[in-house]
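Provided herewith is a single structure, encoded as structure tokens, for subsequent inquiry.
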């Protein structure tokens, strides 16, 4: 058996704890040696909860730790590129949450550091590891729908995040739709060339006051000729709504929601079933574990990680194109954003 | 019991026979007295099949028939407005298949004749009478989804119609999407203000050579703030795919496909269920009957018909806007087409 | 085209009207010439509603009518065998509702008359014509489940019939389960050799006072080695519950309920779908029409009818065996009832 | 936080490893200190795989270990009662796999030891912890179906176990149906008074040669008046089929199978979905973890365990009654087996 991969986690917030849980309790081939957070108490609590030997408020302890081979970057978005650069310079492999950054220049700087230092960088598009979407991808890749022609993604959160978060999130297209952009690319296996985005503020006017949208529809045109459409909402009262379909010349494949139980209750008023799993942690916990597993495996086996920095960049480009489309009320060619 | 409504059918093709079947075999309150078709043999066969007393190649026999109270116009689209005007002048109530015409000036002429003559005009948007879509509408109208925010319609034919038909059809937006435009208006109960349409030729290059598209996505913005998206394809190998969803502040309601049987077969390769009802006649036969029933009832009870000439016009306007959007590659305000 | 089959309907109650509706409005190859009912007014109303030329309180008018080729017996069960004998003597083909009779001697007398007179006799096991159960049968016959090993049938009425009806019905096994016995034989295509029945009175104690049960489970053993189980209830508050499964060496095939629409409504309390079609008329109207169609076709084409008198007899035998099993609290060999 | 519960595992086979995995990787409140197996190598491999400090071929090392508070008995059935007695005498709390034993006298001896020594004993009926069946129980307990009247359980293995296992298993009713007996008691919350069992050998004649059955139907009558039926097969080619329904005066609640993904693939041949999770480890892994969690919690909080020794005994009684019913071809009163 290969020796365990030694890990440091940077950022002990919600997603940091999700990854700690997978790494500590589900992935015996990983060994989490340290966790850092500027709020030292958060780091301590995380360390205690997951039996991590070291906690610190200074992420440099992790960067400088001679045994740590890989870092999991779970800090706020504005710190991602700086941390990627530091980790690359320190020779650590990197898992970084999405988005890499809200700005292409920063992203390019980070990707250059990664390339220069010869480390691996995996981006946290967890949905690629969900059994539903993986099955969609496999069906498409296996020719099950013939030539893919249309991808449709419905992605709705149960409730909006705090306004403070929204304000620094890059807006719905860079925070929320970015997952769907990646999923669309993953399912169709081609690059998007044109984006048309429209939207509205229907959930909370404060979201609009912050310059953001909460309900959107984005139309995509891919290089291979396929079309796509993504609809998002920040509030689905029935739970976390995560569905996708790929339609093609030989059929269609659809992913329905997942539910906590598969029962039906019939009474005088109707036939009732479970709501979708309510929150991303419930829906995607297995995907998060599979994602970490894939990262650890790639490092152990010295193989390329399954979701690259280029994938992270491409999704951000689409988010920027969507914002440009909304502002200019016209379809935008992706190369306009690149320029 | 009210006396039977006496009916003449103009056009003995496929849809003419569909309506004849409903009127003769399912609706005792109707009495079909005559059927006309320029192909006299078609009229004769239809009359024989459905025990209609009179067949003729001259539709004027129907217009001039003193007992006939209502006509069912099932002829080719280019004859609709002329026939509507004639029927209105003859004092007959009118059921006319969609689209009224491909040209707003003609439609307006026909609607003016109808208004002037004080007859009723119902347009053949049969989907409003389908139990699935009716249930969607009722759920929305009953507040089941709160404020409607997004309507999504997927509408795919099992196979393209003959090229000869496509060439005179007005193209996909006026021939096929027009049903979905009407359904979107029906479900959201508000007018569309903006249309963005995109599409491709993926099914058959001959469709492209004819200046048409076969795979499209149309984004809508409604006066009440709701958004909508319609995706169409001319070829779904698994059958007639007719689904819709209305999402809102208090939930979502979706119509799945209908199937010929509700069985599942599980074997070593998977769990297998029936394909959607394959063709519009199978899927919508009950809706066609309900549509005719509503028309006959409205006439008998001297109540307004449930789908007006204005509804027919509005859907055509959206089809024209979609074509303009595709040609100009930009979102189009509906009033641009009206002007 | 073959000339129309001329029909007389005996019994103008609910099921008589169901058949009249199919024959008059759905089956152009049939011509209903007369309807009889001891309650003359019922016959008249039925005639008026379905445009039947003749109504009478004397069924002999139908038996003696020289043009009538076939009779549809929809009268009360206690009259069936007498009417079958009269119709056979009159040279009419016969469709008779289930059960033929509650007594094997009577049934045998009727079947002997049918055989002697060379007429056809079809029994009203309408479920064989339902698209779900037909699909089950076709899947099994096509080898889709390999060797059939277990058949499971759940059959629940929305509410019990009137007590007055129950008292003359022969009890649940001869009135209600009889359909399931026939369905089990149809699906497995083998004869039942052993029956074990148990049950209780849970719905209404008056049913128990009348010597009947309202909730039952019957276990079957077939000649070909397969096993079966039928569970019945007289009251399912969510509607008419009609499901079946055939399990075998290569898989399983199940028929779910049918619903008036195939929509789902998701809100804060769950995901809600339609109840099963509520009543046998809604669930099986198409099956009733298909059943009549098969009867008319068999007569026109001089082919054997699809559900024979022997099928009617076999189901009654199973009902009698079930009652014997309940009374004697032991499994009963079918030949014990035959003896 | 309460201190960790210190655990010893007896038996390092498949189910022992399942519990080790839950205890070590999923349940931080447990600390597995030792694992024993007469095949010392199996104990060693299990210890290595799950980082368990001590492995031994002598279970007495666990019984005599002063720190170990609880044992998990995963050895072969014939050792269960002896190990329960030893553990009870050693003052350890006990989790024991089902069945306790194949013989009531032995079971009673074990339960007496447990009672005398004041330790807790939980029996491994994992299905009670499955989210589907738990939801059924909660719906029933919450009055969702009114008075429960009928419970139906379908339970089919993907393939028979090895013949060597079958020969010592106690036969299908004590090895396989025993889970369903427990589930039926759990769902209806009443004791079974009468059992009628029938069955056949359809899967493999060698099973019959071993004196066992592979396809069975068991009918139950409960003390509270409810009826039940369980159908079992040792071979479902489409996977592990685990469904249940409770029907009552106010409705019905059904648990469908669980699948690895919730997608549908529509092509020219039909609409295809995933097979049920194929094996008990896939279907019930979360239930096994929940079961261990409940055991650990009960010990930490000094509360009664959720599945008692009496529950284990009751299911065995039903298995014995089922065998008696098959042998004597008659319904058996449960008290006959007790006597």
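Labels A, B, C and D are assigned to the chains in the order they are written; within every chain, residues are numbered from 1.
In this text, a residue touches a chain if its C-beta (ideal position, glycine included) is under 8 Å from a C-beta of that chain, and two chains touch if they have at least 3 such contacts.
Everything quoted here is computed from the prediction, not taken from an experiment.
**Student:** Moving only from a chain to one it touches, give the least number of moves from chain B to chain D.
**Tutor:** 1
**Student:** Please identify the chain with the largest separation between its CA centroid and the CA centroid of chain A.
**Tutor:** C
**Student:** In angstrom, rounded to a whole number, how far apart do the mean CA points of chain A and chain C lie?
**Tutor:** The computed centroid separation for chain A versus chain C comes out at 58 Å.
**Student:** Between chain B and chain C, tell me the centre distance in angstrom, where each centre is the average of that chain's C-alpha atoms.
**Tutor:** About 39 Å, centre to centre.
**Student:** For chain C and chain D, let me know how many angstrom lie between their CA-based centres, rounded off.
**Tutor:** Computed from C-alpha means, the inter-chain centre distance equals 42 Å.
**Student:** Give me the residues of chain D that touch two or more other chains.
**Tutor:** Residues 236-238, 250-252, 259, 264, 266-268, 274 of chain D each touch two or more of the other chains.
**Student:** Looking at the complex, which residues from chain A come into contact with chain C?
**Tutor:** Result: residues 236-239, 241, 259, 264, 266-276 of chain A touch chain C.
**Student:** For chain B, which residues are in contact with chain C within the complex?
**Tutor:** Per the touch definition, chain B meets chain C at residues 25-26, 28, 51, 131-132, 134-136, 139, 144-145, 250-268, 274.
**Student:** Spell out the residues on chain C that touch chain D in their complex, using ranges where they run on.
**Tutor:** Going by the criterion above, the answer is residues 146-147, 149-150, 152, 154, 156, 196, 198-200, 202-203, 215-217, 219, 221, 225, 227, 229, 231, 233, 235-238, 241, 247, 249-252, 329-331.
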